[in-house]
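Before I ask anything, let me first share the structure, which is written out below as structure tokens.
To keep things simple, chains are lettered A, B, C and D as they appear, and every chain counts its residues starting from 1.
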């Protein structure tokens, strides 16, 4: 299964489960895969920032990828983040992941690239490094300081048929989605799949601007699936009503790097992963923060029946 | 009236109203002051980032300050942002503002300071530059890249009796509020006023951690006042219920630099300022974004009676 | 006298002399102007980074500008740095400076602009802000993190007849000079004046690539003048021999922000300014650093007769 | 052989030789090792920035390390750069390198660490990650934006007996060397080896402040060895005279990332490595730049007999 421009729905960004001693927890990995697919995920993305990818060594990255792919067993496409300081590591991981059955890879530009020309040259080189893998461009300036304008996306899409998806998480970014979709309808750009991000903080708005779904790691992905469905069947009010119930927790998860710890805490509370452990350097939840999260989950459970099962 | 450690409530961060031709709109300034005080503001803060302070020249800054102070007429304390590239400009503006009747000044460290020592030396120099003015330390690393740890705050407070307030908008920042309040209760730090920020995105949580209110520019400040009141009278559920209604718009305003344009749009829609104009360089609202905001205001009006009058 | 594309020679970047108490030293200002013109300067540039421009308030900037212009009395063109956080301050200073007789203004983009489009829009706005003043584009990415590619320069030059000079201090930057000059000779770009920078660290190489001189603040500007002359009369070996004698001190001055303190120390030692004082925040010279500089000046005096008079 | 606080002399930072097709060139690696040892190197450092470390994959890093160590065969200590985005990769490379016979590892903090506390915690974690390996702290704020004050070095040295060397390349950094050495003589800090850096741009000055040598990759390391010897035998004038002859080329190499291409060009010209190839993304030398370098080498050969053999 190869990722295509037709990709649609919720691609859950999966964390990498660790045991309390810091080793990768493969049993939790299986359980997590099952939980995400059970929640309605249309795809999975692993080894992103949320997957603590830079904290794994090369062997661990491949082993974790293999385990996820084995468990998914072709039911949905799996995208593997291959962002790395250099093209050689990117190439090694991309090849390993594609051979193991990944559907595509995700690439974000490195910090420090100089000017639009520098960014374009980097992305061209990265695309070559990942061989014949379909790839997702992660547009995430808050994390790497790199601006990718709509016209740069347009040029990249024109030049590279393997660029099939944009993870659109520029901030503010809604108007960029509108501009890109307009370029497509006006015939100025090949249509690609566009996924929202930013922890889901703008999910319904992104969908209304034209995204095909979302790629994010919110710890109650059932909501993401339902909001997409509601928007697509035209029930805007119900979509926003449901989304708004979850917004307090989404907002709370949108505090890097604390947000990852919150997500793992929720996933552990839900019984999906065994431990909320994060590899150093990483944040630890204080009792006050855990109480905040518990309070939000409690409120959520009282208002959203699906979240009740989740919480 | 001088700002003190007892300051409490909602300090609304005011924009600088411009006419469509870019000149400062002093009539709207008066109306805006009245609207904020009518909404229950305990204080005002002007010439912050939201006030487009760097886009005013020195004369404009003083003229706008004088107009606001005249209209406030001592009813509430007014804090003037004096963050500037150098101490001479900071000194000139602080002196002018205090002579015109400001209650205190607000200072954020400059980008590029080197190490904790560099930050501490800068803030000491800045405190000297503002003469005998009480001052607010703006802890806002997302904007300037400067980290101020809890122990740095502790040292600053110990060394400088004129430091009377912290605008706490580190991110994630809730645990820092908890740590600082604990230092105070354990006698390790003089008590200061602590105000939340970040557009209000964590208002009830900040209050629960111990802030004395919030200093932010949300375009419906009536809600900020009511949430503070509800938390302080112990009605946590009602506070969160009310806050959650406004969270979609708060989130939408939390997209710098677009958020300022959204706020001015809402204030203009409410009839408080005549024009939503922003000085260049600055964002313009697209029809799609205005429609998003209109939709949120409509939903808000249907759910929150106070917002209905506002919208 | 207005700055034109024909500008050529050494534009000395002047510091702002302060007294030990921190006030601007206008007597030293006069003496400094005379010394620079006596050294063969073709122009002066004031209120750059080296002029501690951000540490002056608006009134001081205008007063210092007026004093320099009065003393220069039209003998050479004077360029005034107007880089400021916002266009209003830039406009006020540019108007004041041009009315007082400046030949043009110098503009560098602000840190944090997003993508090539953001930089271009900013510079267009800045050009409008300075009215009808001829302007110098300072291309100095080490200081502001902004990349301006050769093709961006080309577009700016095409669009804006008042852009008459490039202060070329990208790093590495020699090939960019070559590329821009080639664009001109191939008819792809209007010819503009191009000045080297970077403290003179690459002066002869820059001249060989096609600069029209240099705009920098090296404390022995007599050397800069002579190296230009030697290169232009074709005596490459003599030019490099002379330059290489001064390179140890040039290198030592190229340590921001210490370099400015070194320059003021040398200028004070030469009797040109009364005090080496720098406004806070700024570095102080240790005895070890002063001894380093003394040793370099001594070696220089033993090898370069002109430097002997200087030292 | 383990690296100790007694380390002294010139540790040449070696590039990673590639063939024109981008593969690691192991034959050139052997020749390069021999050339450096023949030039008088007291040690080697591999897989630094100059070694294009981030462009190698994990397997390549270990293979190159093994080859260098085999060729060195215990004649001098070899330091391996293990700076990596996460501790797992750092740990894997450090273990592999130490097992293959490395004398120690070099660590620089990651960009983006928050405040002094964040830097200290990171370095503590990194030290744990490299197991029982002696380590070099690379203090290189120009590359990573991290400030490490003298008192932070003092605390790290006190806490960690395996921290045996400081690569001192803060900028300006001479006074920091003085301060650290003073701490040692006053009994406030354990003595460690201190090596200069920054491409050698301040070599004699660093030695006069108290460094034990230098760790850099200047393409004519014979000069570095001789300048150290001259300073240590008290012939300051001869040391500076020799150094100053090389300063134009040192300066030219100090233009990241172009400098690495210049160094490889010189090493290839000298017959030490077969190809000057750099892995993408990386700079290419223009004919004009090659001509600049040729001219400098020619001038050097005419003035320094040792350089003549080199050129």
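Keep this in mind: a residue touches a chain if its C-beta (ideal position, glycine included) is under 8 Å from a C-beta of that chain, and two chains touch if they have at least 3 such contacts.
None of these values were measured; they are calculated from a predicted model.
K.L.:
Looking at the contacts, which chains touch chain B and chain C alike?
P.N.:
For chain B paired with chain C, the chains in contact with each are A, D, in label order.
K.L.:
Between A-D and C-D, which chain pair is linked by more C-beta pairs in contact?
P.N.:
Ranking A-D and C-D by C-beta contacts puts A-D first.
K.L.:
Using mean C-alpha positions as chain centres, tell me how far chain A is from chain C in Å, no decimals.
P.N.:
48
K.L.:
Any idea how many Å lie between the Cα centroids of chain A and chain D?
P.N.:
Computed from C-alpha means, the inter-chain centre distance equals 39 Å.
K.L.:
Distance from the CA centroid of chain C to that of chain D, rounded to the nearest Å?
P.N.:
The computed centroid separation for chain C versus chain D comes out at 33 Å.
K.L.:
By residue number and range, which residues of chain D touch two or more other chains?
P.N.:
118
K.L.:
For chain B, which residues are in contact with chain A within the complex?
P.N.:
Residues in contact with chain A: 171-172, 174-175, 178, 201-202, 205, 208-209, 240, 244, 247-248, 251-252, 255, 258-259, 283, 286, 288-289, 292, 299.
K.L.:
Which stretch or stretches of chain B touch chain D in the complex?
P.N.:
The contact residues of chain B facing chain D are 114-118, 141, 147-149, 152.
K.L.:
Which residues of chain C touch chain B once you look at their complex with the stated criterion?
P.N.:
Contacts found on chain C: 52, 54-60, 84-89, 91-92, 111, 121-122, 125, 279-281.
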